[in-house]
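Should a chain be cited, it is by its letter among A, B and C, assigned in written order, with residues numbered from 1 in that chain.
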C-alpha cells in the first residue's frame, strides 16, 4: 500500500520577512522550513505505515532542487521514499497548475485502489488551502479536509473533520485524500539512525520529460502560462503612522494613556 | 570544522527536541524537587538519545563521537541536568560495557541500557579515592564457600543516579598484593542484590534533578559472570571510559556557556540605563565579544577531539583532557560574566543565568578535576 | 451549447454560495451578498445566491434582504449535511446552467473545502481569503492610494480593465497581492468571515427576492463520503470577530500563564471586550485555539486591541494590524509590536496591567 504525503518547503515567515523594492518577496534571504501542517500529514502517514503491513510512505514535493534538504529531513523522520517534482516548466504555477503537476506525479508513480494521499491543510506562504482539494479533484478521488482524528480499518477511513463550532464524523474508502491540521497529532522527531540512513532510501526526481505524457500536463495548463490566476499587482500595505511610545511604565504613564483614550472617545 | 549535512541535521534534531521537551515548567520542577523525572527520561529514551553512541546491533542508534558530542552540546544548551539523563548510558555507564563486555553481557546489559529500559551507573569514586582513583578500597574477593562468586565490600561516593539505577559498574580491588591502580577489576552490580544500599541524596549546589548518592556494599555476592573485562586489569578501562566522558563534559560545558551568552546578549539589548541599552557600552559589548570568542575556540577544540576519537589517533587522551579542561574553565568564566552583565537580576532565580552559574560549577570538578586534566596534559608533554 | 470556461462573453452575473448548517445561514452569506450587491451593480447584472440543503427555501427572504435578486434553491435529503461530492456535483450543474461571471464563497472550513474542488473541476481560477474586491479601475485606484505604498498616479494603468480584481494578503500580511482571472470563468473568490461589511437589511428586497427551485440530479455512485454524525461542541465560542475590544496575551505571560490570562480577562471585562492570544500561547496549551489571533487564527479589526507581552511577529500582526487603535505593553522596547501600536508602554506587564485595570475602572466610572 502506498501512502503519499504532499509536502511543501516554505520560507520561515516567523523570522524576518524581507521584501524587495518592487514589492516581491526576497525569498533568497529567508530561511526555509517544512510547512507546519505538512509535518502533521507526514506523521499521520508514518503512523498508518507503522500499523499496516506492506505499506510505505512516499514524500512528494514539487519544488526547486534546494528542496532536497527538506526531503532528507523527512526521510530521516522515517519516510521510505521520496519523489521530487522539479522543472523550469513548472515554475510560476498557481494552485490549479500545481495540483495538475502533483497529481500527474502521483499517477506516474502509481496510485492504487488501497492508497491514501495526505496533505497539510494549507501552506504558510500562500495560505490558500487549495492545493489539497484540487489534487483530489484531478485524481478523481474523495477528499476529507481539516482532519483532527483518523482511524483506518482495511480500506475504510473514519475521519473527525473539524468545523468552527464542533466537528463531523465522515467515512470514506480508499483511494482518498486527507488534509491534516495541527490538532491531529504531534509530529515525531528525526532520529540519529534515520539521519545516518536517509541517503540509502529511494529518491526519484520527476522532471517535465518524465511527466509530459500524462494528460494533465499540457504546456498551457502548467507553469505561469497555464495558471488561471495571475498577479495583477503586488504591493506592501502602507506603514501605519508612527505610534507613540509613552515614557515610563508607572501609574502616571498608565493614567496618561487612559486620559488619552477618554479624550479620543475611544472608551 | 565545517559540519557535513548529516551532523547539521543531527544538531537540528537535538535542538528541536530540547527546545520542545525541556519546558521551563519541567526545569523549575526539577530544581524544586530535586527528584528524578521518569516522564522526561522515557521521552529521551523514546527519541533514541540514550543509545546515540551505541551500535544499532545493541539497541542503539549507531552514531559516532561527534554525534554524541553534538547531543551533549545541544541538550545542555537548554538544560545541563537533562543532558546528563541522556549522557550516562552513552558514556560512563555504557562505556565499560561497550569496551569490555562479552556477547552475553552485551545482550543482557547493554541493550536495555541503550534503549533506556534500564539505568546503569559508574561506580569509581570513593570517600578516599577521588582524584586518586587508584586508591580504591572497595574489595571483591573470591567467596571461600563458592568459587563462582565474589564478595564485594566497600562504599562508593558521589555516584550520579545511584538512587534510581538498576545496575552499577563497580571498580573493586581483586588483587590486594598489587599497589595503587593495579589489581582493580570491574563488576556489574545488580543494585537489588542483598547487601546493596544507597546513601542519602546529596543536596547539591546545582545540576538538581539528577539524584546523587553513595552506594554501600556489605558482603554482596556477585556471580563471576558479572566480572566485566579481564581480572585485575579494570583500571585501564576506567581511564579509557573517562576519555569519552571528558569529551561529553566538555560539550556539556560548551552548551551551558552558549546558553549563558545568548541570555547575556538578549538582556544587554533590553536593559536600558543612561538612556540606552547597556550593550551600547563597550564595557559590556567587549565582554560579550570575549565570551563568544572563547566559546568558539572551545567548540573547535571539542569537535576536533571528537574527530580524533573517531579516528582513534594516539593523542586522544591528551586532547580529551585539553578539551575538558579548557571548555569547563571557559564556561565558568562565561557564566560569571553573564551574571555580571545581568547586574542584580543575575542574582535572582527567575533569570536563567542564576541557575547556569550554579550548574556549570561542577564541570571543572567531576569526571576528573581541572588539576587532574593538567596532570594528564603535562604528563604527555613531559614523557 | 456546451459549457466552455474560456468563452468569457457567455458568463454573466454575480453568484454567492450561501452556506447553511442545520438550517441556519452563516454570517458570511450576508456579508458576501452585501458585497456581491455592489459588484453586481457595477456590472449592472443580477445577484444570485445558490443555497443547498433539505427544504431550505424558507431562508430565501433573509438572503434577499441583504441584496440578492434571486436564490437558486437545491433541495435534497443528501444535501442536508455538507459533503464535498454532493455539493460539488450540484453546484457544478448550477454553474453550468447559470454561467455566472463571478462566484463568491465564504471561507469557512466548508467553503475552503468546496471552493478549490469546484475551481479545479470547472477549470477556473480561485483566489482565497480576499480582503478587497474591485471591478471598476477608478475604485480600485482609490483603494490603492490609501491601501498601498504605490505611487498610483505615477504609474500607467489600463483603465478599461473590468476583470474582478481580488486583493489578498500573502506571507502573513507583509505583502498584498491583487489577483485576476483573465482567461476563465467564473472568476472565483473566497472571503473570510468578518472581512466584508453587512449592508442594512431591506424588508422590501427581502420580499421581492425570487426563488428558483433547481432540478437536483445526484448519482449515489459518485457520493464517496458519508457523514456519520455532526457534533456541536458545547464550549463557549469566543466571538473575536464581533468584539469591539480585544485584550490579547502573548509569551510575556509565560511565568504564570493562568494569572496572565485572568488579568487580561479582568481588563477585557472592564472594557467590555474579550481575551485574545498569540499562537505561542495557544500552542503552549494555556488557552484554547478559538482565542487565537493571527495568520492561522482569526483576523480581527476591533476598535481597541491591547497586546500584552506579545512580541508582534509578522503572523500575529497580520491578524490585528487593521484594528482601529492598538495599545502594546512589552518589556522589550525593540519589540516589533510597537511598530503597529498607536500607543506603547515599555514595561513589565505584571506591574502595568493591574494599573491599567484600575485606570480603566476609573475611566468607566466603575
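Note that in this section a contact is a pair of C-beta atoms (placed from the backbone, for glycine too) under 8 Å apart; a residue touches a chain by one contact, two chains touch by 3 or more.
Note that the structure is predicted; figures quoted are calculated from it, not measured.
Central chain (C-alpha centroid nearest the global protein C-alpha centroid): A.
Ranked by how far their CA centres sit from the centre of chain A, the chains are topped by B.
With B-C and A-C as the two chain pairs, more C-beta contacts join A-C. Spacing of chain A relative to chain B, judged by their CA centroids, is 41 angstrom. Each chain gets one centre point, the mean of its Cα atoms, and the points for chain B and chain C are 55 Å apart. Centroid to centroid, with C-alpha atoms defining each point, chain A and chain C lie 21 Å apart. For chain A, the set of residues touching two or more other chains is empty. Shared interface positions of chain C, i.e. residues touching 2 or more other chains, are given as 333. Chain C contributes residues 21, 81-85, 108-110, 112-113, 115-117, 119-121, 123-129, 144, 146-150, 163, 165, 169-184, 224-233, 237, 271, 289, 295-296, 303-304, 313-315, 321, 324-327, 333, 338-348, 351-352, 355-356, 358-360, 362-364 to its touches with chain A in the complex.
Those residues of chain A whose C-beta lies close enough to touch chain B in the complex are 69, 72-73, 76, 189-193, 195-196. Residues of chain C touching chain B in their complex: 254-255, 331-334. Note for the complex: chain A touches chain C at residues 11, 13-14, 17, 19, 23-25, 94-96, 99, 124-134, 136-138, 141-146, 158, 162-173, 176, 183, 227-240, 243-246, 248-251, 253-255, 257-258, 260-262, 264, 266-267.
In the complex of the two chains, the chain B residues touching chain C come out as 24, 269-270, 272, 277, 350.
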